[in-house]
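Each of the next two complexes has subunit A plus one other chain: subunit B in the first, subunit C in the second.
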Partner chain A sequence: MLRELKNKVFILYLIISAFLVLFPLLHILFSVFANGIPVLLKFGMEFLTETLPAPNKPGGGIFPAIYGTFVMVFLASLIGIPLAVLAGIFVAEYPNNALSKATRSLLLIMMEFPTILVGLFVMAIIVLPLGSFSALAGAIALSIVMLPYVATYTEQAMRSVPQQYKEGAYALGLRKVRVVFSITLKIAKKGVVTGLLIGMAKVSGETAPLIFTAGNAWRSTGGALEPAGAVPLWIYYLVQQPYANYHELAWGAAFVLMVFFLAIFLPIRLSMVRS
Partner chain B sequence: MKKVLAFGILVALLMLGCVSEESKEGAMEQIKIYGSGASFPAPQIENWISEFSKVNKNVVVEYASKGSGAGINDFKSKLVHFACTDPPAKKSEWEEFEKLGKPLQFPFIVGAVVVVYNLPVEGLKLDGETIAKIFMGDIEFWDDERIKALNPNANLPHEKIIVIHRSDSSGTTEVFTTYLSLVSEEFKKRVGAGKLVDWPVDKLGRGFGGKGNEGVSAMLKQTQNSIAYVELAYALHENFKMVSIKNAEGNFVKANSETISSAISASSAYVPDPTEGYKEDPKLFLNAKGKNSYPIVSFSHVLLWQSYPEKEAKAIKSFWKWVLTEGQKKIIDGYAPIPKEVAELGLKAVESIRGE
Partner chain C sequence: MDKFKIFLLPVVGLVFGIIILMLIVFSLNSIPIFQREGIAIYTTNIWKAGEVPEEEFYGILAAIYGTLYTSTIAILISLPISVGLAVFISDLLPKKLREFFIIPTDIMAGLPTILYGIWGIFVLAPSLSGMMKFLYDNFSFIPFFSYYNPTGFSYLSAGILLAIMVTPFATSLIREAYMAIPSIYREAVYSLGLTRYEATKVLLSYIKPAILAGTLLAFGRAVGETVAVSLVIGNAFNIHSSLFAPGYTISSLIANQFGNAFIYEFMPSALFSAGLALFLIGLVVNVSGLLVLKRWGYA
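After this line comes the complex of A and B, so read on.
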């Protein structure tokens, strides 16, 4: 009797804790949707194509921010992904090498590293010498943030490939390069791609690394060497202003960011559940 | 799959290349000017940029509001063309600028810090001395004799006063505490003026900090019987009740564009030459003479160089010239235009900018 009661109390406790963990997430999702969708409906397509309006003036949109986020995430992927995938392969293929052990713990540290410091570092080595904030500097900061995620996912995917496949490949007389790139990486493709997408989703929502690097662009879009806006940066600046229309823009931008994030994240999660 | 991906990357790179090419070719037509700094004038600057871009399509101005200190740093590293700062640059900062070129500094807009409260009482009147006592925690209840004496007809409740102040380093705090130090010897000794001060009322358990004007506004709204200081624009936007403050001539005045303009009408005598901007003393603008002068006002300043590359110099001159002339007629709620004489000082400085 007592045992059953204890069991029930404990299960109830588990359910409540699970709910408490989920509640903030659900609340964020709900408030972003509830506040963001009306803004998008009110502004219409202009929201995605126009630039920043003056305070308390109707209209306007967040195009430079969306453009900047796409440019920077794209450039960051271009810089970060090849490096990260190679690092991941190296750590997976030579697990007992001292360098690879150091790399592995370094990657774990990088994952937890305060991203604002990454921004400061890139400001010192890129922004100051070039003499201008730029999308490129922002992208380099983002690629540093992205690197550990992609590398760790790549490593784990490579390691999960059964030894027999590799042995089979070696038995056929393939060289190590071919085995790694044509056999192991191909089998591990799904895990690697998941890592890439998670890295991209993660950096598309980053604010701190961009504060000292990307500069800001409210009204213009430019090339890689010019300052660029970003959706999370805009949200950060806009909510600090006392104007209702800026707050609306921030909610709308939050909604856009959330949709972008979920569009990358949900398919990954679903495909993971399926496999 | 691979081919599609490679093709996609190629196309995207080409597009990026085109965009930067375009802006190079278009440089004849469109020039971008970047600024950063104080958050206080940011809404007004955004408004000016919107208006300016209507009449001047070939210049794009971008302003990032990140605080006066950050703006000065960006200016020093030459990452931006201009920087805005609420307190004038210090002498040490000015000397660093001079190692890099010839700096200019002049005021371009005026704002006010207002004392706001959350209490079911209309038209509260206070003098500087009493405000200092409240913010030091010496006056504990709203129906204290010293408040009653200034508001004989108000129905003040016997409730503890909750004091809300900024928790972050802020120009607003600096202006407010400079004013209180000016009108109260005791405040000057016990607290002093600065961007971040130690509020004695916190130790009594009745003082709380909020981050930014936003944070302070939110706390004031939620807390009954509280008092706080914010920038005028926020008080207007949030519809807070504002305290009428006793000015140097003994009149109780509320902040609005008229009382702010009156406070700075005679200020041009205190504004130094733009080539020696660091000589400005913001204390001189506080508690100004004049029957209708609001006592807590402050200028926001812009930092510029005397020389820029040819095209940029032209664009910068056209924007700041517009701000000091046409722009002064397009001021949004919560700010006031600078006096004509001060604008002329600025205009002279802008005219002196040369292209290389």
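After this line comes the complex of A and C, so read on.
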């Protein structure tokens, strides 16, 4: 009797755990939808094309934030992806080398590393010498955050390529460089692209690395050496303001950010289920 | 050594260089405050910014305390439900339904942290404040509930938000280890006629290292999380036993104070030394988590 009772209580505990994990997620998604959609309907297309309104004034939008996010994610990809892919290739191609093993551990540590410290670091080496916040500094911080994700995905994709293809290529007399870039990387393309997208989706939602590097821009859309806004950064500052219309903008921006994230993440994740 | 390897070496060197340079930058920038205050920067709870450098004095003990307090709350909440969900998915659900529960946790793990932040500041903290007032009014003799006039912005709110954020990560690590238990063991346990509860208890003891690693890595994440925490913790220099008191964490202190730090002579250095402490805490926790995974063959 007691054994069965314990068993029942245990199963109840399992079900409650599942509920307790999933409920907050659903509540967050629901809150962002429920608060964000009315804002977008109210502001209309202007929400995506206008700049920050004055406090408690109607209208306005989050264009400088969207612009800044695109510029910085683009620059970060330009800087980070080549580095990350090459590092991933090194770890995959020389798996038993002591340096490769150390690199693999380092990449895992970098993934868990507090991103605010990356921001502080880039501030010290880029922002202070240049004398100003800039999109470039923000992009460099994002590229450091992105690097371990892209490198790890590249490594795994490269290692999943069957040995026979490589052996065939070597048998034809190709050099290692050609084998890696023309054969292995081509076959591993899908996995590598997944890594790139995951990395880009990840950094487009990052706030902490940008606070002390990108600065912020509420109404201007400048070049790489000028301060830049970003969608997550805007939300972070807007929710701390006392004005109701700024809170509305923050919810709208959160909705845009969430849709953007889900649009990249869900197809990738669902394609993993199928394969 | 082949040419290709020589071509790749500088890239790998650069990756290591970034981390080493980071440690150097944080150490060098911490020197002024160490020279001035010594270890007191980590052992006192004083935050005095002054026009004249002689008046300045900084101690970040409150932030260190808050970091450990909130992360501990997060782990205490997260660990039991992480294990519960892992067992629920692998034992109770039919194979076809598993993905319906795994995909949402993956979404949660990747969701931009600022979305947790906006939910925390506008939904979680206000809804917790009512419960806090009730517990304070009736049970304030218990130290955990003893903070006068709680606002909802507190260690507890930060801890709960962190628990929500780190659970998907911890549960997927534990689930993968649990599902990887060789079926021989499962069959052996059930052949003894054990109930599900008894069987699971035995099986879970088999993956203790993975649970320990999951706990350490989740703790490491909680320690480093910045924006969501800084929006709900209340940002006050406070060392209080109550769950309902506002406080600071190291990362929220940096996020909050660095903006105007350069007006003062020693504040930037004080904040870099806070960053150094975070760097080292994060490194120790994460490296031990990864070592546990390696030692027992999970990674």
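Methods note: the second predicted complex is superposed on the first by the 259 of 275 C-alpha atoms of A that agree within 3 Å, B and C clash if a C-alpha of one lies under 4 Å from a C-alpha of the other, contacts with A are read in each partner's own complex, and residues count from 1 in each chain.
Basically, contacts are C-beta pairs under 8 Å (C-beta built on N, C-alpha and C of every residue); 3 or more make two chains touch, one makes a residue touch a chain.
None of the values given here were measured: they were computed from a predicted structure.
A.B. asks: Quick one: on subunit A, after the overlay, do subunit B and subunit C clash, or do they fit? Just give me the call.
C.D. replies: Overlaying the two structures gives a clash between subunit B and subunit C.
A.B. asks: Does the superposition put A:Phe133 against subunit B (first), subunit C (second), both, or neither?
C.D. replies: In the superposition, A:Phe133 contacts subunit B only.
A.B. asks: With both complexes overlaid on chain A, does A:Phe74 touch subunit B (first), subunit C (second), both or neither?
C.D. replies: first
A.B. asks: More residues of subunit A are touched by which chain, subunit B or subunit C?
C.D. replies: With both complexes superposed on chain A, more residues of subunit A are touched by C.
A.B. asks: State whether A:Gln240 touches subunit B only (first), subunit C only (second), both chains, or neither.
C.D. replies: both
A.B. asks: Contact-wise, after the overlay, does A:Leu52 reach subunit B, subunit C, both or neither (first, second, both, neither)?
C.D. replies: The answer is first: A:Leu52 touches subunit B but not subunit C.
A.B. asks: For A:Ala224, decide between first (touching subunit B), second (touching subunit C), both and neither.
C.D. replies: A:Ala224 contacts subunit B only, not subunit C.
A.B. asks: Of the partners subunit B and subunit C, which touch A:Tyr170 in the superposed model: first, second, both, neither?
C.D. replies: After superposition on chain A, A:Tyr170 lies in contact with neither partner.
A.B. asks: Looking at the overlay, does A:Val21 come into contact with subunit B only (first), subunit C only (second), both, or neither?
C.D. replies: second
A.B. asks: Thinking of the overlay built on chain A, is A:Phe10 touched by subunit B (first), by subunit C (second), by both, or by neither?
C.D. replies: Once the two structures are laid over each other on A, A:Phe10 reaches subunit C alone.
A.B. asks: After fitting the two complexes on their shared chain A, where does subunit B collide with subunit C, if the options are 9-17, 63-71 or 117-125?
C.D. replies: Of the stretches 9-17, 63-71 or 117-125 of subunit B, only 63-71 runs into subunit C after superposition.
A.B. asks: Touching subunit B in one complex and subunit C in the other: list those residues of subunit A.
C.D. replies: In subunit A, residues 211, 239-240 are touched by subunit B and also by subunit C.
A.B. asks: Quick one: which bits of subunit C touch subunit A in the complex? Just the residue numbers, please.
C.D. replies: Listed in rising order, the residues of subunit C that touch subunit A are 2-5, 7-9, 11-12, 14-16, 18-19, 21-22, 25-26, 29, 80-85, 87-89, 91-92, 99, 101, 103-108, 110-119, 121-123, 164, 167-168, 171, 195-198, 200, 217, 220-221, 223-227, 231, 251, 254-255, 258-259, 271-272, 275, 278-279, 282-283, 286-287, 289-290, 299.
A.B. asks: Give the list of subunit A residues in touch with subunit B in this complex.
C.D. replies: Subunit A residues touching subunit B: 52-57, 71, 74-75, 78, 127-128, 131-133, 211, 215-227, 237, 239-244.
A.B. asks: Contact residues on subunit A for subunit C in the complex?
C.D. replies: Contact set of subunit A toward subunit C: 3-4, 6-7, 9-11, 13-18, 20-22, 24-28, 31-32, 35, 83, 86-87, 89-90, 93-94, 99, 102-103, 105-110, 112-118, 120-121, 124-125, 144, 147, 151, 175-177, 180, 198, 201-202, 204-208, 211-212, 232, 235-236, 239-240, 247, 250-251, 254, 257-258, 261-262, 265-266, 269-270, 273.
A.B. asks: Write out the stretch or stretches of subunit B touching subunit A in their complex.
C.D. replies: So the residues of subunit B touching subunit A come out as 9, 12, 16-17, 19-21, 23, 32, 34, 36, 39, 42-43, 46-47, 49-51, 53, 60-66, 77-79, 212-214, 217, 233-234, 237-238, 332.
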